[in-house]
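One structure below.
Chain lettering (A, B, C, D and E) follows the sequence in which the chains are written, and residue indices restart at 1 in each chain.
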Amino acid sequence: MPWYQLDDASDPRLDELASQYDLHPLHIEDARTKDESVKVDTAPHYTFAVFKPVRLEPDPDNPGEQMLAFSPIDIFAGKDFLITISDPTCPTTHQALERARRDGDDEHPGKLVYLILDTIVDLYFPAIDHFDDRIDQLEDKVFDGPSPEILQSVFAIKRELIDLRRVLVNTRDASLHLQRDPNTIIDTDHQPYVRDTYDHIARLLDSVETQRDLLNNTLDIYLSSVANRTNEVMKVLTVLGTIALPALAISGIYGMNLKGLPFEDSPHGAEWVGGITVLATAVLLYALRKLKWL
Amino acid sequence: MPWYQLDDASDPRLDELASQYDLHPLHIEDARTKDESVKVDTAPHYTFAVFKPVRLEPDPDNPGEQMLAFSPIDIFAGKDFLITISDPTCPTTHQALERARRDGDDEHPGKLVYLILDTIVDLYFPAIDHFDDRIDQLEDKVFDGPSPEILQSVFAIKRELIDLRRVLVNTRDASLHLQRDPNTIIDTDHQPYVRDTYDHIARLLDSVETQRDLLNNTLDIYLSSVANRTNEVMKVLTVLGTIALPALAISGIYGMNLKGLPFEDSPHGAEWVGGITVLATAVLLYALRKLKWL
Amino acid sequence: MPWYQLDDASDPRLDELASQYDLHPLHIEDARTKDESVKVDTAPHYTFAVFKPVRLEPDPDNPGEQMLAFSPIDIFAGKDFLITISDPTCPTTHQALERARRDGDDEHPGKLVYLILDTIVDLYFPAIDHFDDRIDQLEDKVFDGPSPEILQSVFAIKRELIDLRRVLVNTRDASLHLQRDPNTIIDTDHQPYVRDTYDHIARLLDSVETQRDLLNNTLDIYLSSVANRTNEVMKVLTVLGTIALPALAISGIYGMNLKGLPFEDSPHGAEWVGGITVLATAVLLYALRKLKWL
Amino acid sequence: MPWYQLDDASDPRLDELASQYDLHPLHIEDARTKDESVKVDTAPHYTFAVFKPVRLEPDPDNPGEQMLAFSPIDIFAGKDFLITISDPTCPTTHQALERARRDGDDEHPGKLVYLILDTIVDLYFPAIDHFDDRIDQLEDKVFDGPSPEILQSVFAIKRELIDLRRVLVNTRDASLHLQRDPNTIIDTDHQPYVRDTYDHIARLLDSVETQRDLLNNTLDIYLSSVANRTNEVMKVLTVLGTIALPALAISGIYGMNLKGLPFEDSPHGAEWVGGITVLATAVLLYALRKLKWL
Amino acid sequence: MPWYQLDDASDPRLDELASQYDLHPLHIEDARTKDESVKVDTAPHYTFAVFKPVRLEPDPDNPGEQMLAFSPIDIFAGKDFLITISDPTCPTTHQALERARRDGDDEHPGKLVYLILDTIVDLYFPAIDHFDDRIDQLEDKVFDGPSPEILQSVFAIKRELIDLRRVLVNTRDASLHLQRDPNTIIDTDHQPYVRDTYDHIARLLDSVETQRDLLNNTLDIYLSSVANRTNEVMKVLTVLGTIALPALAISGIYGMNLKGLPFEDSPHGAEWVGGITVLATAVLLYALRKLKWL
């Protein structure tokens, strides 16, 4: 059974294969669309599948951080032919095709499709783990002290999770389609394997939901921390004002060009007034504390 | 097969066509309603469809910005006739009808309907891209500094997305109806094409959902930025108060008309007291910093 | 075919009609319940329907504003009789019964029921438009400046929308029941008309959902405006404090009864010190601006 | 037909009845569980039902307030026997059993079950009305002025509504089970009555949902009122600061021990300086108002 | 009937049993995966089940607190064999296996599976009660005074509930699978028992949902308490400022080196000015109170 591997959907050889194996023009158009979405479509004599393997690569915007990148793989699987179109530089795709070549055999194109899908799904797990680590770090950081950078990271991860979730939902629907459609290339022997892959995707989606919950928690922690800190700063300001008040008021009074103030002519006037000021401050602070205002 | 193109549903020729081809009064009423909604309805001998092509046009309220505008197209497609009613000034409708005239043929009114629908759906993508750009700009702006204008833009886009989403949901239901209904004008050959269009609408709706999520993120960023800034301003106020406090208190004390203050008669009294004031301020700032209050 | 119109369900004639046409006791009980909910129930030999026409009437709590009011109409429609019970002072009910009398005929009680339902549903649209206007006004007002009155209006409209939504959901279910139930009074000819009414209710519900979204937007705008204004007021306070600080500190210093201050004995001391104060204030404001604290 | 009424599920007579009528051990276990949940379960020869009648009783934590209390009733209804287990001190249960004894008859155990369920469901309405009153009061109070006590009441009602909603959802499912299950004790004649009860429960659940919405509104009003008041207090502080500023700055300047100040030696110096101070304050307040900062 | 109990899935004896009883390689792989999820899968000649018993153990991060821990149990149940793989140190698993050994019999492997599942499900209730206690404590604490530690506990419990909910949802699906699948090991006699267990899990899930609601309430209380306290502190600051203002302004005025001030030369000047200051302060406080600004 021939297996054609093309590196690029714009390759003119795809047109030749399309006419040789009677591939539907819509599928060829899909394969050549930039930003195509994951799906499985069954024609009477072959199955067309698009998957989106994920890989982690350095984030150009945040040095030291990694980001998700997807490069689609297109598969045309007939009874007696297999055409795969994939970016040869993507390590995830490379690994998937290697495993299919090693463990598959020519008699069962369905098994080859399963092996490729299974490897792709297994390689989503490191991406999920990567998010787990980053969310854990963010949560620790936000308890130490909220900063706008943390917020930016929270929203960046939210954005990546939105994308990952969309790919996973489509992959889940595609694997269900592979399982259920009677026309599909997957034979009865391999149905339990595809169902197992389906379970894995369901678990991945579960994890993504959990991570969205955790990110929302982090955001709530952030907002309540900021509210808390504003509250703390206000209290400091109030304590400072409370300490300053008696000193300012009393020293203002004794600065007046008036007659008749107590201790005015006493030689220890400063000591007396100083003592009264300290006492008034202490009483004021104590009263605020008692009234639970501080 | 005759193709009647009317520019306005109030055209009396529509009444003539209605009696000639036995069109249902409810459909004629629908076509003449202002603000009709997208739908597909199948009568025994023809299919009635309303679509809402979108176009971008300058926003009168925000010079330099673009906004979405919809102008409905009504289609009556029978086995042996086609009636379209559409605003001739709308470029999207114009493009859809052009493509139908060029690629369709008289034998298959279903193909004509498909071609019109497909062009309309394809032209929703630039609208989505337009929102993507605006949301990206808003997100950048809000990280630079929150302002009420950003907020107003966020809510304006939310409003437009609510409208777009409603049109897309109805278009999706209409295309499903075209696919499933056994009475429909679409023959078996063109079913996969309509299914492909359905997939495109589903992808568009997915994007709209993502954009709503992103707008909510932007709103959260806005609110947390304002909270953060309030916190920052409070800290400035507290630092200023802290710097002022010792100077005010000590100078107040030495302004009192009392006897017995230290350095009162020293020739370098001002230097001593100035030094003590600076020292007290430094100690206070250091203490607040240590106690993590600033 | 006799048509009995009662103005009040407590009318004893209802009991006579109940025994004459064998009406189910539960239906009589329902008709006599205050605050009954919208529904359609089919007995073997007749159909019982409760609808809730809406009208706008002056709001006693907010002079100059209008509010929604509902007065239920009960319908017992058999093959050979029609009983309607409705408040004769409600203009919406009056209009619905007028239209049924004018356009209906004795042979088709189902058509009479359809005409009544259709008029009632059409008269929900002005209520929706009324909310659209009020929400638009609120949104404009909230951008001009948030006030507790706006908030009170937002929550009042939310409350009314909750009620309207409940009535519409029940009316939609009732119209579905009329369409689907094989026992129902509506014959095959009038099914498309009831389906059309169903579509109208679905569109009304869609509008209510949109309005709830818009109200939530208004609430978000309100809250972020208040946060923004607090932030603005804080900044004013900080600017005032910053302007006052050097003047207070320097004048305090020169108010001290100490020797050794510069310019103390200069004849132009006041000019020098004044100049230094203005300069210090300007430097401080400039520094805060540079550090992006204001 | 014998009707056994037990006051307590731990009564040993229940074991005798269980062996006499062959009751399933799981049902006996359920009846004896503390905090059992509402359900209907059908064995081949009898129907087992648990309902939770509600009553209002004084709240020990909040004198003057009432709270909900539930005491379960267990029913075993066979063709030729009825066993009820219920707390004899609960007035709701008492009323339900009274009505069953009065209006039911021995031939139809299904009617007895219906009468008990119907009375229990009818007596949920006063509980809902009770919440309506309390939520109305809270909403009025929160507009008068937010206080932590209001908040505590909001969350207390939320908690009670969570419990009530759970009981109602289970009761709705139980009544659906009574209606649909072919094995059930309810005969065809009484099906419409049970459906009517089902409608009542659906309306109750609708009211609970509305009340949850209204409580969330109250919470939003609370939070926005607090934000508003903080804003108000800030403005007062700023106005006070603005009024004080010129007086403090100018009096500070004239308190300096310097020469060369204007009006220094004028006999009406105090009047001049006082006038300038008042003027400066007025100009400052006017400027802030113009700039929309206050 | 042989019952094989393995303490660890990596035991080589599992491979022998796998070949002896023809166990599916995917099930063996699942049993050996770390972090496997709860499920029931039916092969033609046996049923494979994974459950996750819960236990409470001391939390290493929070001394004095307890946390949930799960250790999975794998079950292979055929007509004539039972293989269980479980951590022997987990008390919950131990209790489940003990009960199965005591109450089960060799003829019914289905009953053994039911007994294990039922014990596991019953032992989730103490975990739920544990959360109930902790949430009650947190709610009391948050009304006494909000602190970041409370927030940290709220989010820690949210995280644990997310995990527990996932396990329960999967256990519910697994028990439904045991009930419905015709291939399953559970015979008709034991179906009601498994349905009873299903009801218990549904009740557990209900409790988890309630607890999530209560935690969100606690978070709302926290945030509104912080907002309230900020408001309180602001008021204290404003009262202090109001009290200080007249004293500072008046004493500043009398500190000026100017002539023409009233009471300047009066021997009781200090008393007069003091009286005026106190009066001005009282009037100001009264005015703010009247204007509802405090």
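We take it that contacts are C-beta pairs under 8 Å (C-beta built on N, C-alpha and C of every residue); 3 or more make two chains touch, one makes a residue touch a chain.
Just so it is clear, the model here is predicted, and its values are computed rather than measured.
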Ask   = When you check each chain against chain C and chain E, which touch both of them?
value = D
Note = Every chain in contact with both chain A and chain D is listed here as E
Ask   = What angle, rounded to the nearest 5°, describes the rotation that places the Cα atoms of chain B on chain C?
value = 70
Note = Between chain B and chain D, the Cα-mean centres are separated in Å by 37
Inquiry  = Counting only Cα atoms for the centres, state how far chain D is from chain E in Å.
reply    = 23
Request  = Please list all residues of chain B that touch 2 or more other chains.
outcome  = 223, 227, 230, 234, 237, 241, 248, 252, 255-257, 261
Ask   = Starting from chain A and stepping next to chain E, in what order do the chains sit around the ring?
value = A, E, D, C, B
Task = In the complex, go through chain C and note every residue touching chain B.
result = 139, 143, 192-193, 196, 199, 203, 206, 210, 213-214, 217, 220-221, 223-225, 227-228, 230-231, 234-235, 237-238, 241-242, 245, 248-249, 252-253, 255-261, 288, 293-294
Ask   = Where on chain D is chain E touching in the complex?
value = 24, 26, 37, 39, 146, 148, 151-152, 155, 158-159, 162, 166, 219, 222-223, 226-227, 229-230, 232-234, 236-237, 240-241, 243-244, 247-248, 251-252, 254-257, 261, 263-271, 273-274
